[in-house]
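Once you scroll down, you'll see the structures, which are given as structure tokens.
Same chain, two partners: chain A is paired with chain B first, then with chain C.
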Partner chain A sequence: MKKLKPLAAIVGAGRTKFGELWYQNPEALLTEAGLKAMESVEYGLRRKDIQACYFGSFLYQVTNKLALIPGYMSRELGMNIPMSNTEAACGSGGSALYNACLGIRSGEYDVTLVGGFEKMTDRAGKIIDDLMFAGDPHEFDAGYTFAGLYASMMARYIHDYGDSSDGRCREALALVACKNHHHAVGNEYAQFRREFTVEEVLNSPLVADPIRMLHCSPVSDGAVALVVVSPEVAKEYTDTPIYIVGSQQATDDVSICSRESLTGIKATRLAMEKVLKETSMTMRDIHLAEVHDCFTIEEIFFLEDSGFCERGEGWKTVYDSYESFKGSKHIPYVNGNSELVVNAGGGLKADGHPVGATGVRQVYECFKQLRNEAGGNQVDKELNVALCHNIGGTGGIATVHILMREL
Partner chain B sequence: MSEPITRRKILVDYRIRAAKCENCGRVYFPPKSFCDIEGRGSRMREVDHFYEKGTLLSCNVIRGPTKKFDYLKSFLSGIIHFQGDNLKVPGRITDYVPPPEEVDVTEFIDRGVVPRFRKTFTDGTSGLIYYSSMNFSFEDDYYPFQQYLPIKPSVNEKSSKPGIVGYGVYLPKFRIKNEGHGVLGVVERTLPFADEDTTTFAVEAGKRALIHSAIDSRYVKKCFVGSESAPYAVNPSMSTVSQVLELGEPYEDGFFSGGIDSQFACKAATDLFIDAAALVAYSTFGGEYVMVIGADNSQAAAGDPLDYTVGAGAAAFIFGKRNVIATLDCYVPYTSDTPDFYRREGEEYPKHGGRFTGIPAYFKHVGTAMKAAMKACNLTPKDIQYVANHSPNGKFPYQAAIEAGFDKEQIEPGLVVKYIGNLYSGSCPTALAAVLDIAKPGDKILMTSYGSGAGSDAYIFTVTDAIEQKRERSITVKEQIENPHRQYVDYSTYRRWKEG
Partner chain C sequence: MKEQEEIEKEYTVLTFAEYEEGLRNGKLLGLRCASCGGITCHPMPVCQWCGGRSLERMELSGEGELATFTVIRVPPEGFEDDAPYIPCLVKTKEGPCVAGRLDYDAEQATQELIGKRVRMNGSYTYKGDKYSGGAHTCPVFEVVK
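Then we have the complex of A and B:
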């Protein structure tokens, strides 16, 4: 692999626990994560060093009746620098980082703070309705929920690729949940730190047949922040920056109905093609992937959309990898000579899915893993290249980042 | 949802309207102004899929719906593919109640589905009611697919006398049985699914009438919807029917047609048969056809004797002078101020005078009108093949006809109330339709309506040869009554769905 020119570097990261955080406002959560990120910078970071903030959030206007997040965060952080909030549904956090990278690549900024947050439990009773803002209104009028949209994609996937699989395809879709809950046990910030068996997943309450409750990521509160700087100044802040070497984004029709396929995400495929081209990598070069597993089918889509597996083969990789795994820690996906650890911290499924925070949380997890700072949840193998995959809605937007410890 | 947003959605959702590129044939939903492939120079035209059928690309069972759909509890939502235009749209599957255990939804994939005009949801009890045709029922279930193929009229089709050009009856899939041998001769009754109301009934019946008559909807210049259960106190069902069925010459996003909702208890529709016939014979009217629909989700308070006889559904009749299947030969109205049955503004259910609704009300008006009509035409019961009376139950219409000199063979074909219940404004028209379903050219039919308050209209129709050629395009009342896919529900479900 040729030596890559980094686009940006991450020198600090902080997050809150994910879950039902009844006692904090969203801006306070973001402040907590932001201050933790600043405090984590090895050689220190003063607030006045930060030149711009990029936030990502989806529903705060609805869940908390707030707008103008820059104004709130100016008050919370005591700064008057440029700030913006990016809304791209569940892809808001990844988009915020993408925008920060553009800010740094343009030469305008050297030091930025990137944050993602969501406060979903303040409106738990109506959150199923609120999430449909990220769907086409005709999907809402057809009675769809988000789980329903993914359930229709999952049903078609089972029909096209798994109907003659003696139930193994459906089992694989449950195993994704089992694996990610297994990964979350050692994650001190995760919303759910317990194991689930395949039987428990397949007997959990029906949400949108064929999706059951344990195929779904939860409703969560939480915030995550990163200190993202230009590569040129990174070593002023730490000896071990994590470099961003690829940052790409693609979009597609907001409605699943108007897409080319129900059994994959075109925006993921396009963004992956671009980022692998940008970095001259293949999926075999990636050691760790934080994947947008809002529903377990989405993790399998990623395996196929990224090229790690052939179309329709993702579930077999999941099934065989899980069945053949003999260890006790992270369960990698194995396809031929390729091995990929996916969602080391539990993913959206078990770590939690405070929508706008998720894309930033994925980078946080990779940052910690690549720096060997994940503590009891550290992946038990040498890691140098990690990928973050964050999508919005049912695939209306996909943002991917590739991170490296050693260039 | 705001009123302007609703209006914009109506234009797309009522007809499943999309935009098609005339160069490459690519179709876009919702409609857009240019083709992604051909660019901004592309020529786009609107296409609609209201009369098309599709297939299910995929679906799921929604178990935990959004608040707006709580009223349906659990249901199927899916992605529908219209193969002709290669168009995919989201849609809800209606008339289907999923079982509590997991449904293998992959088994539904590739099944044919038919668009249905239904409620999507409502904004509480005081806000707007939202409708869409992007609800679908399975083609191989209760509701079959029918093509709409208007036939260009020829000058030879002119009839000297106005009459019925075509008709359509819509009876919902769901039924409730009355215990034992029935109540007042009513054995079972139709009821609305949770997303149906009087307006959706009217649209379905009107759609079937257009298909049956094979006329172009743009020549229907007036539409009357008679009902005593209109979903809005102010805001006509008729304008919804006209928008969905595209009645009248289109202009911008409206139509050159008119009409009203009418109210006169159960004769709100039949009263206007004569007006419809008169209009098409009146040169200043300037239109070819008039549609009259009787539709009701017949209301009754829980436990009231009426609660065991009320049904739900609609019948639509198109009047004109071309290719008439039954000429309108006689009309006799009879009216008096008789307060036998009434509902005050704002009240949910009607009240009635019990036994007073019989002899001084129903029998007096129906009997008087029937006899006067026969006398006016110089006919005796022997000259008439069928009787179609308003049917509040199974006994009144039978007894009234017997008292007027008719026998069982003349009465039974129109006595469909036994299996569908009292359709209020749709009752008498449905009985007429059931008779037309089997009538032969030359047959005479005496139809007599009754509306509380009170009045009756007696009509005599003579069936023409044209009835035979249109028969293959009808879904008969008997077919709907005996449809093997009809589904029975318990009393609590019946009450819940009936009250919407």
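Then we have the complex of A and C:
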């Protein structure tokens, strides 16, 4: 592999715990994450070094009845620099980082702060309707919920690829949850740090057939922030920056109705093609992937959309890998000679899914893992290349980043 | 300057209100594209296949294939009395896929239904809430025996 030219570098990262944080408001969560990110920078970062902020969030106007987050952050961080907020549903955090990378790539900024946040649990049951903002109103009018849309895709996947599997396909869809909950046990920030058995997943209450409660990521509060700088100045802040070598995005119809396929995400496929081309990599070069497992079917879609598995074969890789590696600290997916650890901190499923924070949390996890700073949850193998895959809605947008420790 | 109504007609050959009124009268209305011949449903200002702007109204047969479905057990606000119910996606004979309801016993609905022939047999109107801009209607389909 030829030496890559990095397009940006991460020199600091901070996050809140994810879960039901009823004592906090959204701007306080984002401030906590931002301060932690700034204070984590090895050689120090002065607030006046930061030239721009890029935030990502989905629902705060609705869930918390506030708007203009740049104004809040200007007050709380005591800064008067350019700030923007990107809304791309569950893909808001990844989109914010994508925009920050553009700001750095353009040469306009050398030092930026990127943050993602969401405060959802105060809304209780109403959040079911709120999440459908990321679906098509025609689907809502038919009575679809957000889980229902993914359920329809999962039903079609089982119909097309799993019907003759003696239930192993359905079991694999539960094993994604078991694996990710297993990975979260050692993650001190995770919302659910406990194991679930495949029987518990398959006997949990039905939400929208065939999706059960334990196939779903939770409703969560939380915030994450990163200090993202130009490669030229990175070493002024730390001896071990994590470089961003690929940053790509693609979009597709908001509605699953008119998509080419119900058993894969076109936006993921296109973004992955672009990022692998940008970095001259294949999936075999990636050691760790933080994947958008909002529902377990989505993690299997990623395995296929990224080319790690053939179409329709993702569930088999999940099933066989779990059989081979259950009990190990991290359960990798193995396909032929390729080995990939997916969602080392528990993913959306167990770490939690404060929607706008998720895309940034994925990068936080890779940053910690690549720097060997993940503590008790550190993956026990040499990691140099990590990928973050963040999608919005049911695949209306997909953003992917590739990170490296040594170029 | 063009009147607002003229501009609306230029960009919207079939409005949502007209589309939904059609559903309530048992008709599935769509648009035919003069450029590619493709059918667009639900209505949009452009052809869903080629982005073409030259569209004319047409009526779909209402027949198609059940692409997929789900049974909603945890309903959104306003749909509590319906649950469990079956939203579905139907690949129409004419090409576009539409979202609707399946008229079927929710407790008997299994995976074997996917791929079955269906036809529109009515409509369902969600009464709406104070944020929905009034009531909204979707097609209802039945499995062809």
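Convention: the second predicted complex is superposed on the first by the 405 of 407 C-alpha atoms of A that agree within 3 Å, B and C clash if a C-alpha of one lies under 4 Å from a C-alpha of the other, contacts with A are read in each partner's own complex, and residues count from 1 in each chain.
In this section, a contact is a pair of C-beta atoms (placed from the backbone, for glycine too) under 8 Å apart; a residue touches a chain by one contact, two chains touch by 3 or more.
These numbers were taken from a predicted model, which means no experiment stands behind them.
J.: Could you check whether chain B and chain C clash or fit when both are placed on chain A?
T.: When both complexes are placed onto chain A, chain B and chain C end up clashing with one another.
J.: Give one of first, second, both or neither to describe whether A:Leu68 is in contact with chain B, with chain C, with both, or with none.
T.: Touch partners of A:Leu68: none, neither chain B nor chain C.
J.: Where does A:Leu407 make contact in the superposed view: on chain B (first), on chain C (second), on both, or on neither?
T.: neither
J.: Applying the touch criterion given at the start, work out whether A:Ala124 contacts chain B, chain C, both or neither, answering first, second, both or neither.
T.: neither
J.: Please work out whether A:Tyr144 is in contact with chain B alone, chain C alone, both, or neither, and reply first, second, both or neither.
T.: Once the two structures are laid over each other on A, A:Tyr144 reaches both partners.
J.: Need the overlap of the two footprints on chain A, from chain B and from chain C, as residue ranges.
T.: The overlap between the chain B and chain C interfaces on chain A comprises residues 126, 128-129, 132, 136-145, 147-148, 151-153, 155-156, 158-159, 163, 205-211, 255-258, 262.
J.: Help me check something: in the complex, which residues belonging to chain C touch chain A?
T.: On the chain C side, the touching residues are 42, 48, 67-79, 82, 85, 87-89, 96-101, 109, 111, 114-115, 124, 126, 136-138.
J.: Using the touch rule from the top, collect the residues of chain A that touch chain C in their complex.
T.: Touch list, chain A to chain C: 125-126, 128-129, 132, 136-145, 147-148, 151-153, 155-156, 158-159, 163, 205-211, 255-258, 262.
J.: Chain B touches which residues of chain A in the complex?
T.: Within the complex, chain A touches chain B at residues 126, 128-129, 132, 136-145, 147-148, 151-156, 158-159, 163, 205-211, 255-258, 262.
J.: Residue numbers of chain B touching chain A in their complex, please.
T.: Chain B reaches chain A through residues 9, 13, 28-30, 57-69, 72, 75, 77-79, 88-92, 98, 102-106, 109, 120-121, 130, 132, 134-135.
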